[in-house]
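Dropping a structure here in structure tokens format, bear with me for questions.
Note that the chains take the letters A, B, C, D and E in the order they are written out, and that residue 1 is the start of every chain.
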Amino acid sequence: MPDRHANPDAPADPARRAVLQLLAAAGLIALGTGRAAAAVPGWPEEAFRKTSQADALAALYGKPLEMSDKVTLQVPEIAENGAVVPVSVGTTLPNVTSVTLLVPENPNTLAASFKFGPGVAPAVSCRLKMAKTSPVIAVVESDGRLFGVSKEVKVTLGGCGG
Amino acid sequence: MTAPRAATRRALLAAALLLGGWAAGAHGQDVAAGRALAFDRAKGNCLACHSMAGGDVPSNVGPELAGMRARFPDREVLRAIIGDEEARNPQTVMPAFGRNLILDDREIEAVIDFLYTL
Amino acid sequence: MPSTIRVRATASGERTEVQALVQHPMESGFVKDSNGQTIPPHYIEVLTFEHDGKVLLTAYWGPAVSKDPYVKFAFAGGKKGDELKVNWTDNLGKSDSLAAKIL
Amino acid sequence: MRRTWRRCALACAGMLLLAAGARAATEAEAGAALRAAEQQQAEAARLRNRWIPAEAALKAAREALRTRDYDRATELAGRAEALARRSVEQAREQETAWRDAVIR
Amino acid sequence: MRPRSSRRARAATLLALGAVVATGLHPSRAEERPDPAADLRAFQAHFRDRFPQLPIAEFANGPYAMDAGMRQQWEEIMQFPPYDFAVEEGKQAFETPFANGKRYADCFPEGGTGIRQTFPYFDTAAGEVVTLDLAINRCRERNGEKPLPYQTGLMASITAYMAETSRGKPFDIRIPDDKRALAAYEDGKRFFYSRRGQLNFSCASCHVQAAGQRLRGDVLAPALGILASFPIYRSEWGSMGTVDRRFTSCSAQTRSEPFAPQDPGYRNLEYFLSYMSNGVPIAGPGTRP
């Protein structure tokens, strides 16, 4: 058979491997190595390099964060797979200009940041990778101030061993 | 190679353990090694099916591993379950760690030492 | 070549809901291939949605966004038949864009 | 019980002797061990029940033999043989045992 | 392409069924003869008893039918499933003529639309089980094209498209009154229940005995309906995979050397599993963790 030796799953599943290696590399700043091109203008490179929540937020916004129950964050309690964790953020706060998602236990804390134009509803959904069990922090910029909420997502590996 | 008679096998095992223990030194090391084996996905991978302290996963294929010394006062019973549960319960989904050479005798003893701390 | 971008934008009343899926490996740079070689980081950095000459949403992404990334948001003011422009650029300087009709 | 202890003591002595007098395996011994393992694995293949660890140990044994590490080749071939033997045993048992698992 | 002369087979199985009911006895194990219809009733009754609240159609959704937390994530992902790209690619390939001007549609009944639920079938002329994937490659070869690799890529895309045109149609697998067909069925059944590999698992160990239970982050899918969502996009793979890919990785996970894709052993297993799922609607392509 033509693809007998082209087993796409040998030796280990790539996504699982990815998560494992994210784990192994946690704490290392590997981002930026091997970059072939300069960052797209406007992309907050500095913030994406940070490995702590405080540093990432400082680089991105430079202002303090307060927790607020006016920000809603929908994440699973147990991620079905750390490679694809659905995340939804919403808020009742007014004049929202941006939403940022942080995963403190990932090698680099900042996962994604969304800038909202006028007329856009203050809510966004996306899918994130998580290296291991970690809080997910959603930060909403409203009237120039930062409000956040944090929820833990449990990430476990798949059942079958290596 | 047919299986050696039970008594001989026990004797060999005891000898291996004596010598092994002598070489490895402290008993605490066996517990640590047993824990590592139990958690290692390529070895015991106990967490795949059982939840247990320190495991942080919700597996429920097998019973939770807790109160092991009370549940299994006889070490031999626990050894038999890990080694070849199919011999006791032909329809079990528990792999035969000993019979199928997933863990060797010393590794099984270390896992038991660890399980007795739960 | 089919586009790397798939968009579903549906208007109902004042509100237009936008969902997009992009075909992209989103390599983190932490993964090794089967030969033990590190796969270089390759991920979308910026994704934008434009409507009627105005930028609605700008997504700044890092390597922690999932493979074949997805995003959903909504805005006021879109009409059926309007054009929605989507564009992404990645860290290797590659990019793609698509103009989708609002349904 | 006493017999067990006597056996234990004997086995201890034996193992110590083995350890002390451990002598390098020869190419012939390694080759013989590998052939024995290959024979078992061929039977497992015939029964369509080869185990991945058996195949891996066999491959590693061949490699060790190629690099003239006869001790390692002998040890790995021994492991491969034991694994392959068990896989053959499993396949033979399952020829009838599977029926007991059928939903009925 | 598919011979539809199984009325006799059904009459025969009905007769056999009647005999079993009449005597009120299971055939004793020693003299066991293949009785697919009785097997099917027992198999589906087992899962109905085990998950009484679940309508049969839900079994197509595997772990997502078993666990609320997983279902919620699935619903999020289904808002824009990652297999969309594959369906698009598959549709394009399906509609593109071969070099000789013929198309896939020419190889299949109904032009290849809405027929996924009839695969695999037993080809009484050739005396073997034919899966959809095998039929696709044979179609290619008959038309002078090279066969596709079986586990992922274009094969997954084409079967994804063909599955999508068959959504909601219940599995309709037939076992003709043919000794070879019964033997193929029995071989698949034997494989399903046989312990294999160093971990000593049969398919049934996980997907019957531990169905619905948690294995770390995973929830084990019930065997009933397990192939109804194929091909699948698995987050674990980060790509599409066919039934062959799943069988191969399942084998490897039990530390058993996988067969080659489309090995008769795997085809017979697919035949057995699909027949056991008769009545479960096609829901493919699907997503899985």
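Everything that follows uses one rule, which is that a contact is a pair of C-beta atoms (placed from the backbone, for glycine too) under 8 Å apart; a residue touches a chain by one contact, two chains touch by 3 or more.
Protein names from UniProt, one per chain: A = Thiosulfate oxidation carrier protein SoxY; B = Sulfur oxidation c-type cytochrome SoxX; C = Thiosulfate oxidation carrier complex protein SoxZ.
Values in this document were obtained by computation on a predicted structure and should not be read as measured data.
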Just how many steps, at minimum, does a route from chain B to chain C need if it may pass only between touching chains?
-> 2
In contact with chain A and with chain C at once: which chains are those? Just list them.
-> E
Please name the chain that ends up farthest from chain A once chain centres are defined by their CA atoms averaged.
-> D
Among all chain pairs, the one with the most C-beta contacts | A-C
By CA centroid distance, what chain is farthest from chain C?
-> D
Which chain's mean C-alpha position is nearest the mean C-alpha position of the whole protein set?
-> E
Where the centres are mean C-alpha positions, what is the separation of chain B from chain D, in Å?
-> 21
Chain-centre distance (mean CA atoms) for chain A and chain B, in whole Å, is 39
Between chain B and chain E, centroid-to-centroid distance (C-alpha), Å | 37
Quick one: report the Å distance separating chain A from chain D, using the average Cα coordinate of each chain.
-> 48
For chain D, residues contacting two or more additional chains = 53, 83, 90, 97, 101
Got the chain C residues that touch at least 2 other chains?
-> 66-67, 70, 72
Among the residues of chain A, which are close enough to touch at least two other chains?
-> 10, 14-15, 18, 78, 83-85, 88, 125, 127, 156-157, 159-161
In contact (per the touch rule at the top): chain pairs | A-B, A-C, A-E, B-D, B-E, C-E, D-E
Touching residues on chain D, where the partner in the complex is chain B = 3-5, 7-8, 10-12, 14-16, 53, 79, 82-83, 85-86, 90, 97, 100-101
What part of chain B is in contact with chain D in the complex they form?
-> 1, 7-8, 10-12, 14-16, 18-19, 90-91, 99-101
Within their complex, chain E touches chain D through residues 26, 29, 32, 39, 42-43, 46, 189-190, 193-198, 200, 202, 204, 208, 252, 255-257, 259, 265
Tell me, which parts of chain A touch chain E in their complex?
-> 1-4, 6-10, 13-16, 18, 76-81, 83-86, 88, 125, 127, 155-161
If you look only at chain B, which of its residues touch chain A in the complex?
-> 40-43, 45, 48-49, 56-59
